[in-house]
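Here subunit A shows up in two complexes: once beside subunit B, once beside subunit C.
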Partner chain A sequence: MEIGFYPGCSLKGTSSEYAQSTLALAKAFDINLKEITDWNCCGATAAHNLNHELAMALPARVLALAEKDGMTEIVVPCAACYNRLTVTQHELNQSEELRDKISEVLQMPLSGNLQILNVMQFIDKYITNRIEEKVVKPFEHKVVCYYGCLLVRPQDILKFDRLEDPQSMDTLMKKIGADSMDWGYKTECCGAGFSVSRTDIVAKLSGKIVKDASDRGAEAIIVACPMCQSNLDMRRPQINSYLQMNIKTPVMYITQAMGLAVGLSKEEVGLKKLFVAPTFA
Partner chain B sequence: MEKESYISEIRSKVGVNVNRCYQCGKCSAGCALAEDMDYPPSLVMRMLQTNDISNYNSLLQSETIWLCVSCQNCLTRCPMEIDIPQLMDYMREKSIEKKSINKKSSQIVSFHKAFLDSVKFTGRLYEIGLVAGYKARTLNLLQDMNIAPKMFSKGKLPILPEMVEDKKQIASIFSNTKK
Partner chain C sequence: MSKIGVFVCHCGENISATVDCEKVAEEASKITGVEVSVDYKYMCSDPGQTMIKEAIKEKGLTGVVVAACSPRMHEPTFRKACSEAGLNPYMCEMTNLREHCSWVHEKGDQTTEKAIDLVRMLVEKTKLNKPLNSIKVPIHKKALVIGGGIAGIQSSLDIANAGHQVILVEKDPSIGGHMSQLSETFPTLDCSQCILTPRMVEVAQHPNITLYTYAELEKLEGFIGNFKATIRLKAKSVDPKLCTGCGVCYSKCPTKKIPSEFNEGLGLRTAIYTPFPQAVPNKPVIDKTNCTYYTKGKCKVCQKVCPTGAIDFDRPDEFITEDIGAVVTATGFNVLKPNFFPEYGYGKYKDVITGLQFERLASASGPTLGAIRRPSDGTEPKKIVFIACAGSRDPAKGLPYCSKICCMYTAKHAMLYQHKVHDGESYVFYMDIRAAGKNYEEFVRRAIEDDGVNYVRGRVARVYEKDGKLIVKGVDTLLGGKPVEIEADMVVLASAGVASHGAEELAQKMHISYDPYKFFAEAHPKLKPVETNTAGIFLCGACQAPKDIPETVGMASGAAAKVIGLFSNSELTREPVVAVVNRIASHEVSTCVGCFLCETACPYQAIVHEEIKNRAGEVIKTVAQVNPGLCQGCGTCVSFCRSKSIDIQGFSNEQMYAEVMAVLEA
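Entry: the complex of A and B
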């Protein structure tokens, strides 16, 4: 089967292993993820911080293109892109005035009926019921699942998982054999888009997350957002210097862990691209 | 008249009635950035409630509005479901419009502007272009010099930008959404 796919900019660059492992995992379950033709950047934090109309128009073009490609459903692995696309579709469906204005800017029709799935919703819908029979190499490690801010919020729009103590990633990790532990930082912010402009804040916020994971003996932090991953992983030198420690807990995408469990190779899930190398896989 | 205007404007433009806040403080308690802010979120709400334009101007000049990362912890926990993140977006736009951007926050604003410049030219984010633009705006020329080679060797830093084909449409989106 074929489903629409919006990689977003991170998955084409700093988080290419997320794209690689998502596509490989889908393929292992006979699903082809097809990129939306000529997609553009969702505008991310920058657009919604500076210009509300632009923050609606950029994601709206992506949605309109997906509709034009005949897609009814798209998978958006980046939690931040997913949030922007979902919020945009919701706001445009709420306000006729805004929808007319944006349609005029785009010169494209928008039905507003697209199903937008984040990586967990995609896995839940198409993979979870077949996962156990496919596991050939159980992921028998102690892990903590880090959801970050945006995967489950805002709830009145996303209606997905629990807000304060989400479970979807934990449930799935247990199904592939992991010991998914309880911890205190499931949805605490990593510092998000401040990686470059306020690295000191990222070091502090991500530091608290990494330290709790390490204190509880986690062998890996499992994530589903490229911004969370790059802050906890690529900013590890700054984190460790903030903590005055040398924490080596790796930060893996859930699609990488699942891929390994169903028998994909380290190369196929892009494991070598992580800055903090997992020692066990 | 001036006194009334911002509360009602917020109500009509953002859909937030600031008077619903009863100062329980859960937003400030849960805010990851509160300790770095000049005004934590519950104080922002209280200042808005005073209906005093000088308090509103202080907020438009504050570091708080730029430090908010829109993680939505406040909204998630607010018993009155007040959309503080949207309020922050609105005040950021106002702050730019009134040229009252907080001086200590200039790096954050420069990063956002460099990000959008990159998207404007290529339709997608071009990381090398973004960092070059950011450095040109802030003159932080040596920042992160040591991370780039490692990113490059791991195939995480494409040398050439990804380009959207319909650049005309991207240009029109940017020119038609200008305030």
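Entry: the complex of A and C
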């Protein structure tokens, strides 16, 4: 079985382990994720703040290319990419005028019928029904699932999970044996793009998240967004210095945790790439 | 030859601002058959009406067209004026130049042209009008009140005290409604049960009131003055005639752990139960979904211990039918329940409760006998947070409306808390304090100033549990949007008032309309607050929108007054705008072939079969006839009739064609 795959920039760079683990997990379930030919930037933060048309055209080109490749469904692991692609398709489907205009700019037709799946939706649709038989090494750890902002917003368009208290990741983690705990920072801000320009703000915001997880005895924070992951993981020295603590709770992608549970090796899920190393795996 | 008078109204400037009324009158005077055509500033005023009356007398008018506002408002006014001048009232017609023309178009020639066309149409129609007489129907002077909360209780008592029979139907085992669950009431802090229970007893003992508890309206047919209501009496499994209310059955019932509805899930009840000790009637019912006998087939402990042999497991639901003249709907409201507040953790954290649950905690008849205790561990909360507008005024949650009562009951809750827990600290997060009502503002000030409740203006973003405390994260917008965090022991949500369960279904059964939130719709938001759009069905209390006790009681008495007013007539006068079969030809030569397609089309069951007999008394033909009492004049039968044998009086096909032709030929 083959499904389209849109990595976006993060999965080719800072979070290559997210791509690696997603592809490996899919492969373990005989699913081939095929990269969209000649894909480009999703527009992320920069474009939609500056130029609406450009912010539509960039993701629209990705969608058009996927359609051109004959794909009906694509998996988009990065939360920001997922958000941009879904919002764009929604907006274009709302206005025929806009769609014609963008289609003209792109010089490509656009049907607007592509199914765009984030990692949770992908796992839920293709993997959960077979997960129990495949688990060889139950992920028996206390975890907290961190959703951040983009996975569930804007709710009206994404229609994914509960806005204020999402559950999808928790449900999946419980399926592989994890003790997914209730906590207070599921959807609080990690500091996002301030990662580079105002690391002090990220240290403060991400610090609260990491501290609550650590206070509750979480052995890992499970995420599904490269930006969240890098803020909570790569900025750990700044976080710890802000907190005046030495918190060593690792921040893992859900695909890594699930990969380990179905018997993939540490190397196959790219565990080494994490700055804060998990001690248990 | 028709002599029609056309009277064009300026409606102050409402019409004349965009329509050239003088020109309309002038053009109308040129229409064949128009005897007189004038315009005037306020046609509905006394001089305006006099103008019409005098024209009828002086010119011998056979028909009148008033070109003014919507007939909903002033058709009765002008018809009455015509009738006073000796003209049959149904020879007077109104054309709506205001809502249909001046208000919706810009000033200009085209707008005036349209106004002239509208007048032309009605003139042609009026030429074909026939004098009609209003229909008289008898009234059954018995009222049905649905819902036994304070609204239904008040309405029933008022109607019954006026000397009319009342049937009060309550779906629960006891009357009392939400008010019986409340602890104290604002703004006087008098005990809710103390003022309510005497009324409940009065209802049960009133000679004019027949009370059916554990019963629901099954079907409502008929029309104002002549409804037929079918009521389902749900099987109580206890014979009320034999039961003495001794209570042995529920003290021995082995199924004891059912969350009590009356205590909002904070207390437990048995499978055979009375909702609360002061229930009326104070006789138990068996909850079939939880009773071991009904679910597993054995137990019957209650039957064994009952000293009077009142337990009857095999009794089925019964149906009774009553002829009634008017209905008062008083079905109340509900509060929002779990899963609506994922951010506040309601349903996840035991110590996050609704306002109604707090009422039970604070009530002397509640699970803690009035002591404020945490549901999780039974300890006394030392710090408590009240969140106002939990769901209300939140378009993102789909409830943009204000629930109206929460500001007041939240102030009351905080006050009661401070009165009971002297070393306690209470916080209220609010958007605005809406305390409009007699002594209401003073009450809130008392909570803040005398009882030291901390009011924080701002929303709460999240509540989560940490180390046994509920962390309430919010913002203080009066301190420049400063984030605040409170470690609370208990959180009370002033959850929005929503329509009662099954409100939509009930509205559809009764053919009354409701708003997008399933609250029942009044006929006019200002001038007909207790009427519905269906004649003879009235409403009161929180089934129309959330409201407090004084307002509910006022509205209930208002609805009762309407019913009493209706019952003060010996018969009812109705508009003669109803369908008739072949009103010109006699029955023998009726073109009706008796196919009865009209019968299948009629939503009001108004079509009856009429047998035409010859002199020997043999049936030669069966034709359709319309019961004018039931017919609502919708006209569906007219469009169904294949032989064009049915017409609506006052809106005949002939008249409609004349209107259409008037526009097309102009």
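Methods note: the second predicted complex is superposed on the first by the 281 of 281 C-alpha atoms of A that agree within 3 Å, B and C clash if a C-alpha of one lies under 4 Å from a C-alpha of the other, contacts with A are read in each partner's own complex, and residues count from 1 in each chain.
In this text, contacts are C-beta pairs under 8 Å (C-beta built on N, C-alpha and C of every residue); 3 or more make two chains touch, one makes a residue touch a chain.
Quantities reported herein were computed from a predicted structural model and do not represent experimental measurements.
Residue contacts after overlaying the shared chain place A:31 against neither subunit B nor subunit C.
When the shared chain is aligned, subunit C comes close enough to touch A:165, but subunit B does not.
In the superposition on chain A, A:183 contacts subunit C only, with no contact to subunit B. Once the two complexes are overlaid on the shared chain, A:212 sits against subunit C while remaining clear of subunit B.
By the touch criterion stated above, A:247 is placed in contact with neither subunit B nor subunit C. Of the two partner chains placed around the shared chain by superposition, neither subunit B nor subunit C is touched by A:131. Comparing subunit C and subunit B on the residues of subunit A they touch gives the larger count to B.
Shared contact residues of subunit A with subunit B and subunit C: 163-164. Contact residues of subunit A toward subunit B in the complex are 9-10, 12-16, 38-41, 43-55, 57-58, 61, 104-107, 149-150, 153-155, 163-164, 187-189, 191-194, 196-199, 201, 205, 234, 272-273, 275. Partner subunit C is touched in their complex by these residues of subunit A: 162-165, 182-184, 212, 215-216.
If you check the complex, the residues on subunit B that touch subunit A are 32-33, 36, 66-67, 69-73, 75-76, 89-90, 92-93, 96, 107-108, 110-113, 115-116, 119, 123-125, 127, 131, 134, 143-144, 147, 150-151, 154-158, 162, 164-166, 169-170, 172-174, 176-179. Residues 341-343, 345, 348, 462, 464-466, 471, 473 of subunit C are the ones that touch subunit A when the two sit in their complex.
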